[in-house]
Structures are given as structure tokens and as C-alpha cells.
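Can you read through this structure? Questions will come right after.
Every chain is named by a letter (A, B, C, D and E) in the order it is written, and numbering of its residues begins at 1.
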Amino acid sequence: MADHEIERDEALSLPEFIRATIEPFDPLRIVGRLVRRGTKAPGSPPGTLVHTGPRRVEAVTVQAIRYGPDGFEVERWDRIPEPLPVPPPGEGVLWMNVEGLHDVELLKAVAAGVRIHPLAIEDVANVGQRPKLEEYSDHLFIVAHMLRIQEAQVHILDEQVSMVVGPGYLISFQEGPGDVFGPVRRRIESGKGQIRSRSSGYLAYALLDALVDSLFVILEQLGEHVETMELQVVEDPTKQTMRSLHHLKRELLVLRRSVWPLRELASSFQRVERDWIEPTVTVYIRDLHDHCYQLIDTVEILREISSGLRDLYLSNLSQRTNEVMKVLTVIASIFIPLTFVAGVYGMNFEHMPELAIPWAYPAVLLLMGLIAGGMLAMFRVRRWI
Amino acid sequence: MADHEIERDEALSLPEFIRATIEPFDPLRIVGRLVRRGTKAPGSPPGTLVHTGPRRVEAVTVQAIRYGPDGFEVERWDRIPEPLPVPPPGEGVLWMNVEGLHDVELLKAVAAGVRIHPLAIEDVANVGQRPKLEEYSDHLFIVAHMLRIQEAQVHILDEQVSMVVGPGYLISFQEGPGDVFGPVRRRIESGKGQIRSRSSGYLAYALLDALVDSLFVILEQLGEHVETMELQVVEDPTKQTMRSLHHLKRELLVLRRSVWPLRELASSFQRVERDWIEPTVTVYIRDLHDHCYQLIDTVEILREISSGLRDLYLSNLSQRTNEVMKVLTVIASIFIPLTFVAGVYGMNFEHMPELAIPWAYPAVLLLMGLIAGGMLAMFRVRRWI
Amino acid sequence: MADHEIERDEALSLPEFIRATIEPFDPLRIVGRLVRRGTKAPGSPPGTLVHTGPRRVEAVTVQAIRYGPDGFEVERWDRIPEPLPVPPPGEGVLWMNVEGLHDVELLKAVAAGVRIHPLAIEDVANVGQRPKLEEYSDHLFIVAHMLRIQEAQVHILDEQVSMVVGPGYLISFQEGPGDVFGPVRRRIESGKGQIRSRSSGYLAYALLDALVDSLFVILEQLGEHVETMELQVVEDPTKQTMRSLHHLKRELLVLRRSVWPLRELASSFQRVERDWIEPTVTVYIRDLHDHCYQLIDTVEILREISSGLRDLYLSNLSQRTNEVMKVLTVIASIFIPLTFVAGVYGMNFEHMPELAIPWAYPAVLLLMGLIAGGMLAMFRVRRWI
Amino acid sequence: MADHEIERDEALSLPEFIRATIEPFDPLRIVGRLVRRGTKAPGSPPGTLVHTGPRRVEAVTVQAIRYGPDGFEVERWDRIPEPLPVPPPGEGVLWMNVEGLHDVELLKAVAAGVRIHPLAIEDVANVGQRPKLEEYSDHLFIVAHMLRIQEAQVHILDEQVSMVVGPGYLISFQEGPGDVFGPVRRRIESGKGQIRSRSSGYLAYALLDALVDSLFVILEQLGEHVETMELQVVEDPTKQTMRSLHHLKRELLVLRRSVWPLRELASSFQRVERDWIEPTVTVYIRDLHDHCYQLIDTVEILREISSGLRDLYLSNLSQRTNEVMKVLTVIASIFIPLTFVAGVYGMNFEHMPELAIPWAYPAVLLLMGLIAGGMLAMFRVRRWI
Amino acid sequence: MADHEIERDEALSLPEFIRATIEPFDPLRIVGRLVRRGTKAPGSPPGTLVHTGPRRVEAVTVQAIRYGPDGFEVERWDRIPEPLPVPPPGEGVLWMNVEGLHDVELLKAVAAGVRIHPLAIEDVANVGQRPKLEEYSDHLFIVAHMLRIQEAQVHILDEQVSMVVGPGYLISFQEGPGDVFGPVRRRIESGKGQIRSRSSGYLAYALLDALVDSLFVILEQLGEHVETMELQVVEDPTKQTMRSLHHLKRELLVLRRSVWPLRELASSFQRVERDWIEPTVTVYIRDLHDHCYQLIDTVEILREISSGLRDLYLSNLSQRTNEVMKVLTVIASIFIPLTFVAGVYGMNFEHMPELAIPWAYPAVLLLMGLIAGGMLAMFRVRRWI
């Protein structure tokens, strides 16, 4: 059997993992972020197949992996075979991974092959859907987001990953090449774990699990970024700091939008009852559910801390203004009265008897010293200096 | 069959879509916004038919579209025929679109034609209702808001759209001409999609879907506005900026009021069980429900970001005040002591031995230079300059 | 039949409605507002009849309206007849309206007449209850608040209205004369609508509906006040503005306390099943429920906007402080260095060669001009002037 | 029968009530407030009987009241009789009130007498429990807080009151002497109301009702305090004001902690079904439930208003800073330029032709006047003066 | 029987308890805090056994305690015996405590001994799980956090404690030596309480109860810290204060993350129905549930107070800035006009008639005094001085 397309490296370190599974993303994959572009051309009939995101790949490619307890087979298809070589029940799984969504004819052929509901295939093409799991009579339809962080600018990019899961097959749709499913491919290749002897439902779980794991990696990076920001706010806040905090808040909102619905997705998945999904998968999905909770907890903690940082920054700013004021006040309060005294004896009246007194000048200097000293003492008492 | 009243353009671009479906709105359609005018004259008996909004159209017009799997027919009625030409079960749908609500007699005639419940027809006339779906024994009653954004001032206008959906008929009521249902009319006209062979329940879904789609268009515009505001706050905040942010907040509240109840509406619609609505519609309504969630998510994100912008603006303001203070402090702290020194040697005491020393003047100038340098060094250390 | 006590004016305009139904309130009706006076003397046995509010009327009066499909009859009673003339089932309704609550003996007589539960009659007398609907075996017990706004100070006054609704009778208790039920009385008098042929449950609905309508009128006034405040904050904020905003916030809290529980009340009312309430009333109560939601939505929007106004005010204040600082900084920064230069040449050293140079004075003036110009240019660059 | 220990005064005014039921509290009763001291010595076995609060009374005393429809009997016990004289079903109630919790042997004897569950008796001794109602097979276990306010410092003290309610008996445990149950004792003594002919469940209701009533009294005092603070913030804010507001916030948190769980307690009580509690008690407990809601509403309103006061205070502070700045700016902006002019003509250049002109001095004075006037006009235009 | 490994001290005081049960923690136990390190290497198959935390102990040790109603036995195992000596039903419990998680082989042996589900044993090794209770067919799986506070820096460290509870056995897994279970061991040793005659479910309760008790100790320390901060904010706020408040907020977030899920854990535990857990345990778990509520209440109160402290700090800062401004304004406003007057009479015009008047000098001095007095009076009126 061929395995040339599946990476071999088994023991990836964490940074290697990040590079391996995330870097292949195309930098073009920046989508409209605050508001997702309309889920379809407004008012068009449901089931209209129009790809709404940017085109991220030249030619749409389809990778088909057929595996069973006894082996596996990898092919790359240019067109969809008819009928689809779905293994008979219990004898393995066909996993088709479609990369690129702008080839509407190909999508139609795939949809026809396993009778995907028109609304499901529409959501595949109209990227920007909310993560969700929908039950159709023939299959499950899952939408999730694959996130990627551009480290330099702490900029989160999201890509929609859709899956149609039916008896003996799983079709995954991605917007472009590069994904986080490498480890799952390696497990299929190596036969490690139980994945080869399991159903398509288990494969769906495994893919979602890999996806959730990749979100933890992103959260770790964001967590480090938050800690860096924390240091910056405390040690060396600049005019730029508040903008960075605002930017961080936005990214956390984007992240949250992708993460919160996952909990509901996992919860729906737990309640699914199909005869082509073995009941023992439920306990794995419960584990997934649990991880989603952990993701959400962490996102919320990061949000709370970043809003705390904003408060800290503003309080630092007030503190600094207060210190500037103190310096001004101390200097002005000491010298303005002294200048007044000097001004008095700079007047040109003809009759100013003090001017003639020999010790008047040193006396005035002494007086000035006393005034300055008194002021300084007052400020010391107020703990301004 | 006549189709003169249905627009022909099939492939509208997004901006064209906006123009086509939104611009026909009458600028007069600005209703009381913060608080909706009383749902009826206070204390009047339930079912009292009084139109409460502004009159937006001269003469009330009724457009009637009868369609079935085989064809369609468009008429414009001046008075309501008796009995209403509702097609027999399963043989098509009569869609009556009433534009203008101030002709009470006409509303009564419509209500009599299909036995609309008095409370439902009252809510049709008393615009300013919350979006909702109510089940009556004979029909469903749906209220939703059609929003429009006046781009120049980012001002959201809302118009109430009511629908009465029964077996074989759907009656929609609008406050004035111009709506977002153009694409649905075109689908009926062209026979594309499945709309002609579907029930009135499917038509209701199609209209709501078109409405929700138009809300996405508005959200996109608001999203762009928020991003413009973001730039303005960061690059060039003026006195006007905070007012714009407050205005934006208000508009988002208005939007939210129209959007939040839609989720409940869709959820109620999903639970409706009537023998004249085919069960396969449910999956479409679930899709609608999903889109409502997406709308709400986006509105909330815009709200969070706009409140973050407020914080950013205020912090910028503090920052600027801090800088103004620094300039004042630096200049005053340097020159006030120097002026004092000059003042001392401007005193007119007769006995000031320094005045006679030849090198005293340059020495004093040097002293002044040293004081200024020391001050500058201190400010440099504090990183104020 | 007598109708002398029922107002005749059928078509009241909105301001007339406000005057007609709200102005008769006694200005004395200001109750403890933040915390309602104890629901009863603390620790006294349940069912103790003590009126806890201010006495708002000299003599307690009872207006009794008996109506049925065929006619109606109005009487004013000084004492409660025994037994009460409750019409037999299905033959009409007796509506007793008690104005004033301090006549304990009369309350006891009323309670005895239709066997009101001691806890219910206690809550009638102990004003300051939360709006609620309680089911007792013989009757329903409803508490709601009738609000009034003192326009000059935007001060909301509340009065408790209690109703005991049983088969064939409804007894309403008010703290004093003047109410919002005029339109209901007129409908009974004129026989318009269906009220005369309906049960006491429908009457309860009609009264609650009139009450909810009157709350909309108050919300409109508050909404206008909020818009006035908005203008004031933007155009001409004064020291008083923030206090007004705080006051507004308090009034909205008072309003909210009366409005929020209404939703629950309407929801409980919808679930009531009694054989003396016709099932067709449910749809009207659902309508009421809907209006309560609308009320709550609006109150919350007003609250959000008024808190946005506070932010706007504070940001305006910071803005103004910033501007004051700029003026000070610009003027001080220009003249303090100049004064220093003048001071230098005002020193009295004997050896200051510049003083003798003929062109020194114009040169120094020129230098001063250059310094001032440089400063002005710097401030212009920073866009402070 | 003996009644010497029950107070006689039937008609207490509100202030008298406060004094009568609250002042006997021992000033020592200040417990750890933010965090309640550990519910037991950490890690000790469940059911360990250790009193964790301060010892508030020298000797533990037990007051036993036996009453029935026909009479009542009060005794003071030094030791617990064996067996306990619990009246047979339906023939009356034994109410034992234990004051002081440090006598572990006595608690054990009480627990043995009516077989109290070890966990319940542990919670009795380990004060600082959350208000709750727990059902055990033999009895109900109720924990609530009796609050007291030290008026001078607006300091809320709480004392735990536990009750064990079983068929024919109720045992209440207090930390020390002085309680709010005086009116209930008087009702038993006087035979007023229905208390003597009711079950122990009714007695539990009556005691909780008295307790809730006393919370209303405290809320009234806090409400008055809030209104005083409101006046202080508006009229005469000092440095101390913000601390008082923070203190108020803390006290409201303490209060809230005692009040919120009461709602759940009342709700659990409503669902209790025991054959030794007559069903007619339920309606009274519903009333209690309602009062708990009212308490919570009021606490939340006070919290909102006190946070509004904080905003008002801060805005006042900004306002005052703004005014201080204006005074400084006006004075400095007028006199600094004038001083500069004077400085120019104080220079000692030999060639200053103006100095010799006779009308130069008045001209300069005029110029100064014009500058000052111009400045004043500018400030007037800006509405700073 | 051997008891050498169980501490003997029965009556520990609270500080001793803290030292005894908390100090043995290794200082190395600081884990990634904001974001917990990935629950497993991303993408690896479920059930992969990799320890993700820091290695806190040289050699993994296993302490096995077998006890029953008649006695107990303590052993320290280097390797897991096969089969595990689990007592037969109802004849005692085997409690294995594993300290250290990096010995994967040992974990596998333990898992094999009692057939632990792969996902459960994976969560044991992958520390950083959310507290939870999961039901597997053979056993319960519980995860909780053991917290420790580094007093000097108020730094909370958390360690994951996992438990697998099955019929007749309980296996607890800790990351390193030192725990809070000492009192439970002593109870087993001494035979006090009922623990020896109870099931493994009761032991699980006892351990969780000890853990929750230790959280109360930490909350007390945090509560004292909050009160210290309160004093610091009011008495002597420094630049450091705000950072400490931010740090406190972070620690409370960490604490909350460990505490909130406990409520759900206890609630799930209450619903567990297994024949090897006696039903009477439920009432103890309800008690545990109650304590979790109390923990959460307290954490939330601490959070609210610490956010109140932030407000107090910021308001103090504004107050101080305001005072600095007042000092500057008062001094500058008094002396700047005086200096101007002195400057006027320091001008060198030849024709200044005043200069020759003998009483001009004292007159000017008087004028200056009047100006200063007037200014002071104005500031006194404004209550600035």
C-alpha cells in the first residue's frame, strides 16, 4: 500500500508540531474578521453553491484515504469516482479530504456521491459558519474552525473545516492546503492506537480532537503574549501599549467566537445515536467535551486578565500624570514666591529705606532660603518628595 | 402569465443588492426609536385597528402573487376580492403583499378574508412590536423588522414586517414600499429552486431568510464603520469621536432589539407542527435559526469592540493630557528657577558686592546654564523628553 | 341604568389620556422609594391587617359595577352588602373598586364576603409588595404597580393595585383616587368590544392591559427625557448634569422593579386553569405577556443609554480639562522663557557689555520674537492650537 | 401556666421593635467577615462537634416552650430531660431554644434526644454556614442568619440561627442571647393568631418570617444610609466619602451573602412534604418566598445605587479638578504675559528710546489693560468664567 | 499492624495544620499558570500516557493502606503486586496513594490491575485537567486540585490529584509528595469516626472533604491578604499597590478555576448510584456540595472586594492629583499677580510719577497684601484651603 503522502515523523516536539501543522497555511488566508462575509449572496435560494471566501489554492485537490483493520491506501483524485468506493459496513472507512472550495462542480459531484443535503453542502462553500453539528437523516454535518496565529502581530486567522460523516465515510472540506490533521494521518499509517479498527464516527472524533489540541497550542501562545504584555504594562508602558491591549481584546473575541460553540458541538455529538457509530465512542466525545470546557475557561481567564491589564495601564497613566504634576508644583511653589521677593526689591521707588541698609541683601537672601526650606519641609511632610 | 412587476436582474452584486433592495425605502420612515410609540392607544379594547406609525405611502397597494408548480400569476389589487382566491391544498400558494397600513378598511377586509385573529391584525397595524411568532388555531402570525441603514449618518431605520401564514396563503404587511424580498420574487418568477412546489410555510421561511440575509448586509456595513472608527480613535481622535461612539452604541442597541428576538422566533418556528407545512421545511428553519445565532454573535462582538474603542479613546485622552502636562512642566521647571536668579541680581540693594565683580555676569550665565542642564538631565532620566 | 360616574369622553388624545388618567393622583402619594416600608409590622402574625402606606384619601369609597351582556349598573357603596351581589355563573361580573386602604373594618368585610385568604388581604393592606399573581383555591390574587411620573422632576411615584379575581367577581384595591382604568370603564359603559359578554378573568386581563399601556406612556416620557439629557450632555454639560444622570438611573431602577416582575405575572396568568375563565382568554394574556417583554426591553435600553451618557459626560469632562491644560501650557510656555530673557537684561551687574550696544535692544526683541514663533510652531505641529 | 419569661408588650413601634429585638445582642458577636472561619477543623471526621465562633455567653441556657391549642408552658432547663417531653402528634409543639453553642455535651444530649443527624448537629456548632434547608429522614434542618447593624459605623454583624424541625418539636440554636423571635413568643403567649393550633412546621415558618421581617428593618436602615451618602456625595464630598462607599459596598456584600440563599431555602421549604406538616402551611411559605424575592430586589437596588454613587463621586472629583485647573489657567494666562511686558521695560539697555517718552508709561499700562481684557473676553467666550 | 508511616499528632492547631499538610510541597511545583500546558502532545492518540507536568519527585512511591472494621495495614510498594490485594466486597478498602506521575510503566501496571479506562489514566498523567467526576462502567474517575499558597508573594500553586474509585479500592495519584490527606490517614489509624467500616465511596468523600477544607484555609489567608491590601490602599497607597491588586486578581482567577468546577463535581457525585457505595454516603456528599457553594460564594466576594479596592485606589489617586493641583493653583494665583505688580514698578521709564511719592512703596506693599488676602479669602470660600 502507498503511504508516500503521509508524513513519517512520529515524535514531534511542540514547536516542531506548530511548524509542521500550522506553517503550511497560505498567508492569503486572511478573511473578513469582525463580520463574516454574508453566508451566501443575500436572498439566493437555499442550497446555492457559491464559495464566499478568498481562493487559497490553484487547483482543488482531493486526498482519499481508505483504511481498515488490515491496512490502508492513499490516493489523490482529480475527479470524483462514481460510485464512491465506500467500504461496506464494519470493513473500514473512506476519508476524503477536499482542499479548496471554489470548484463548484467538484463539490456537486461529492455531494451527489453520498447524497449530502443541499443546505449542508451550501454551508461547506459559504465559509464563515458558526461551529456546529447538524444531524441529517443520512449523515452528520460538522463545521469547526481551524485557527492559526501570525506570531509577529498576534493576529489570529481562521479557516473553516467542514465534515460530512456517514456510515463508512468521512468527507472533510478545507479552504486550502495545510491542516492540523497530520498526527491523525500518521496514526492511520502506523496502525498505532485503535483508529484503524474503528468507525467513521471515531475518525470524526479524532479529527475534532486534533483540532481542539491545536487550539490549546494557540492559547499557550496567546497566554505567553498576555504575560509579555503584563511585563510591558508594568515595566515600560508606551503610547502603543493601549493599542496592543485593544488589539489583543479583538483577537480574543475572534478566538472566543470559534471556541464557545465547540462546547455545544461536542454536547450534540455526545447525544448522537446512529447504528454506524459504536457506543464506545461516547466516552471519547465526553473527553472532547471536557477539553472544550477547558478551552473556554482559559479564553475567559485571558479575557479577564487582559481587561485587568487595561485597568493597570490606565492607573499607571494617572500615576504618571500625578508625578508630573508634583514636580511642577514643587518647583513652581518654591520659586514663584522667591521671584516675587526679588521683584519687590527690584522696584524703582525712590523711597525704599531697606535698600540702603548694608545687611539687607544677605538678610533677604536668608529670608529666601527660609521660604524655600519651609516649602520643601511642607512637601516632605506631604510625602511628595 | 404576467411578470411585469417582478424585477428581472438575477445576478446582483452585493452593492447592487443593497441599492436594489434597500434604497426604495422612503426617507420619511424614521420612527420613534428609543421607545416605540405605544402599541395602541392606551386602554383601548384589544383588537382595535389603529395604525400607529407614520404614513409612508399615499395609497395602500396590494400585490398578489399566485404560484404553483406549473406557473405563477401577479396581480395588483385595489380592493380585496371575496372570497380570496386561495389555491386548494397542495396546488400552490397565494402570496399577498400589502404595502401601507393606514387603510383600516382594507386591513379589515383582508382579516375577514382568512379569519385573522383580532389581536394579530391589531399588531399588524400597531407597528413597533417585538419580533415574534405566535400560533393561532388557523394560522401563524410572524412579526419581524426590516432594517435599513442611512449610510451617511450610520443611522438605522426599522420597519415592521408582519406575516400571516395559513394553509395555501401568506399575507405580508409592510409599512411602505420597498423591501428585501426581491430575490424571492425572482425565484418564484424564474421557477429556480424548489419554491414553486413548496407550501406557504416554505415561503415564510424564504422571506425570513431574505430578511436575515439583509441584516447580514447591514452588519457588514456597521462592521466597516466600526473599523473606520477604530482607525479614527487611533490616528486622529477629535472631540466628535466620543459622540460618534455613543451614537454607534445607540444604533447597536436598536439593532440588537431587532435581532435578539429573531432567535426565539426561529426556535418557535422549528417547533411548529401543522399539517399544511411539510416536515422537510424544519431543516431549513434550523438553518435560519443558525443564522440568527450568527447575527447575534456578531452584534455582540461589535458591541464589545465599540466599548473597547471607548476605553481606547479615553486612554488616548489621558495620554494626551499627560503629554501636555509634561511640556508645561519641563518648560516651567527650567525657566522659573532661572528667572528667579535673574530677579535676584535685578534687585536694587546698594550693597550687593557681586554686582561689581567683572566676571560675575558670565559666572551667573554659566550658573544658569548649569541649572538648565541639570533640569534637562533629570527630565531625560525620567524619560519625559 | 345609571352611568353618571363613568367618564364619557371616548376618543382621548395621548396627552389628554395622560392628564385624564394620571393627574388625579394625590401629590401626597410619595412612598418610601429605595426600600419599601416593611410589608407588615415586623414579627406580627400572618394575616394582620394594617395599612402601611400614607393615607391618601379621607374616606374609603367603594365603586361597584355590575355588568352582563345585557347592561350594566354602577353604584357607590358606603358599606359592604351581605351577601355580595355576585352574579350567577355566566350571567355577568361584579367589579368592586375599593379606593383607600386604611379602613380595616371595610377590608375585613370585603374579605369575608368572598372568603379572601388572610395572606392575600394582608398583602392588599401592606402596600409595597412585588408585582405577582398567586393562586388560591377560591380566587386569584394579583398585585401590580400603577406608576406616575412627576414631569417637572422626572420623579416616578408608584401606587399598589391589588386584585382578587374569582368566579363572577373582581375586587380591585387602590391606595387612593385616580387610576388608569378609565378606558375600561368606558368600554363597559358603551358595550363596545366583547368585555360585557366575558368573564371576570377577561376583566382582569383588561385592567392589567390598561395598566401596562400606561407604563408605555411613562416610558415614552422617560425616553424623551433621556433624549433631552443626551442633548444636554453633548451641547451644554453642567455640574448639574451628572446629578441628573444619577437621578435618572435611580428612577429607572424604581421603574424596573415594577416592570420586571410583570413578565412573570403574565406568564403565571397564562398557566392558570380555572373553569370560570374561558380558555379563549389565554391568547389575550399571551399578548399581555408580549407587551411586558417589550416594556422590559425598553427599560433595559434606556438603562444602557443612560449609562452610555455617563461615559459621554465623563469623557467630555476629560476633554475639557485637556483643553484647559493646553491653553495654560501654550501661554505659559511662550511667555515664561521670554520673561527670563527680559530678566537677564534687567540684572544690575556693572559689567554687562551688551547693555551698551545700540542695537542690542532691538536684537533682544527679535530674539524674543523668534522664541515665541518657535514655540507657536511647535504647538501647531502638535495640533494643540 | 408560667409566662414570666415572655415579654408582654404587644404593640411595639418600629424603633421600639428594633431596640427590643436587636439591642440585646452582645457587642462581642463580631465574627470573621469576609471569609468565614473554617466550617470545622480542617480534615476532622464529619460530625465532629466543635464550636467555631466566639463564645458569646457564659453559660448555655435552654428555654423550652410547650404549647398546644389549650395553653402553653415555659421552662428554663439546665440539663436536657430524658426522654424529651415531645407532645404526641397533633397535641402541641415543644420549642426548645438553645442559647450558646460551646457546651458540646449539651448539644450531644439534645442531638441524642431527637436523633439529629451528626452532620446537622455539626453544622449547628460550626457557625458560618450558608443559609439552607436540608431534609433528613427524621427532621428538617434549617440554617439562617440573624443580622444586626451597628448603626454608628453601618457595620453588619451576623449570627447563625439553626433549627431542627421534627414532628411535634422544633429546636432552635443561637450563638448567644438576644433574638428577633420576641413577637412569635408573644403570639404563643397571647394565643393570638393560629400559632397554638398549628404544627411545628408552622412554627418554623413563623420564626423564619420574623427573621425575614427583621432583615427588612435592616434594609430600611441601609436605605437611609444610602440616601445620606447620596446627599453627602452631592453636597459635600470629602476624602472620607469614597472610603465610606467602599465600606458600604462591603456591607452590602455581607448582607447579600445572607439574603440570596434564603430564596432557595424558602423554595426548598415549599417542596417539603411530610405528614407532620399540614398542607395549608405551603401558602404561608409561598408568602415567605415572595418576601425573600423582595429582599433580594432591594439589596440589588441598593448595590446598584451605591455603585452609581461611586461614579457620581468620581465625576465630581474630575469636575473639581477641572475647576481648579480653570482658576489656575485664567490667572496665569492673564498675568504671565503682563509680567513679561513689565520685564521688557525693566531691562537696563542704554538705548531704549521708549523709556524717555513721557506718555510711554501710561501707554504701556493701557496696553497691559488691553491684554488682560482680551484674555478675559476669551475666557468668557469659552465659558470658563 | 504497622503504623509507622502515619503521623500521630491528633490535635493539630490551624497553623500547625497548614504547616503539616502544606509545607512538604516541593517549591518546584510551579506549573504553567495562565494557560495549562496541553493536556497531551497535540494530536496523539487518546490514551497516550505521557506525564506533562514537571517531575517533582525522584522515585515514584506507592503507599498502600488496607483497612477494614477490624484493623489496618500500611505498606510501601516499589512495584505493583499482581493481582492487586483488593479486599472482597464489604470487608474493607485498599487505598493506594501514588506519588509522582513520570513512571509510565508503573501507571500502566496500576491501570492494568483494576482495568482503568485508557482515557482516565491519560488524564491522570496529563496534569492540568479541570476538576471533574466521570463515571466509567467499572469505576469513578475524579480529578481535583490541591492548592498551596506561597505566603510571601501570595502566589497560588496547584497540583492535580486524581482518584479512581472502584468496589473495595481507591487509587489516588499525586504529582509529588506532601498532601492534605494527613487527617484522613490519622482517622484510619485511630479507628475514630466511621471511616474503617465504610466503603471506598466514603473514603473518596473523606479525601475530597479534606481537600475542600484545605481550600477554606487558603481562602482565609487570601481574605487576610485582601484586608491588608484594603488597609494599604486607604492608608499608604504606593505605585506598587495597583500591581499587587492586579496580581491578586490573577490569583483569584486561578483559584476560581479550581473551585468553580468542584460544585459540579459534588453534584455529579451526589447522583452516582453504584451498589458498592452505600446510600447513606449521599447525605455526606450533599454536605460537601454545600461547602463547595460556600467556597464559591467566598471567592466571588473576594473578587468583588478586590475590584472595589481598585476603584478605591484610582479614586485616591485622582484625589491626590486634585490636591496637588490645588496647592499649585493657590500658590501660583497668589504670587503671580503680586510679581506682576512688582514688575510694573521695576520698569525704567523716566516718567513714572508714582516712583517719587514717599508713601508709594508702603502703599504698593499694602496693595499687594490686599491682593493676597483677597485671593486667600476666595480660596477659603471655595474650601480649597
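For this structure, a couple of remarks:
We take it that contacts are C-beta pairs under 8 Å (C-beta built on N, C-alpha and C of every residue); 3 or more make two chains touch, one makes a residue touch a chain.
Keep in mind it's a predicted model, so treat the numbers as computed, not measured.
Centre to centre, using the average C-alpha position, subunit A and subunit E are separated by 27 Å. Averaged Cα coordinates give subunit B a centre that lies 44 Å from the centre of subunit E. Within subunit E, the positions touching two or more other chains are listed as 314, 318, 321, 325, 328, 332, 336, 339, 343, 346-348, 352. If you sketch which chains touch which, the chains form one closed loop in which each chain touches exactly two neighbours.
Order of chains around the touching ring, counted from subunit A in the direction of subunit E, is A, E, D, C, B. Subunit E meets subunit A in the complex at residues 32, 34-47, 117, 119, 123, 129-130, 132, 134, 136, 239, 242-243, 246, 249-250, 253, 257, 310, 313-314, 317-318, 320-321, 324-325, 327-328, 331-332, 335-336, 338-339, 342-343, 345-348, 352, 354-361, 364-365, 368. On the subunit A side of its complex with subunit E, the touching residues are 12, 14, 17, 21, 180-184, 187, 192-195, 206, 209-210, 213-214, 216-217, 219-220, 222-223, 226-227, 234, 283-284, 286-287, 290-291, 293-294, 297-298, 301-302, 304-305, 308-309, 311-312, 314-316, 318-319, 321-322, 325-326, 328-329, 332-333, 336-337, 339-340, 343-344, 346-352, 384.
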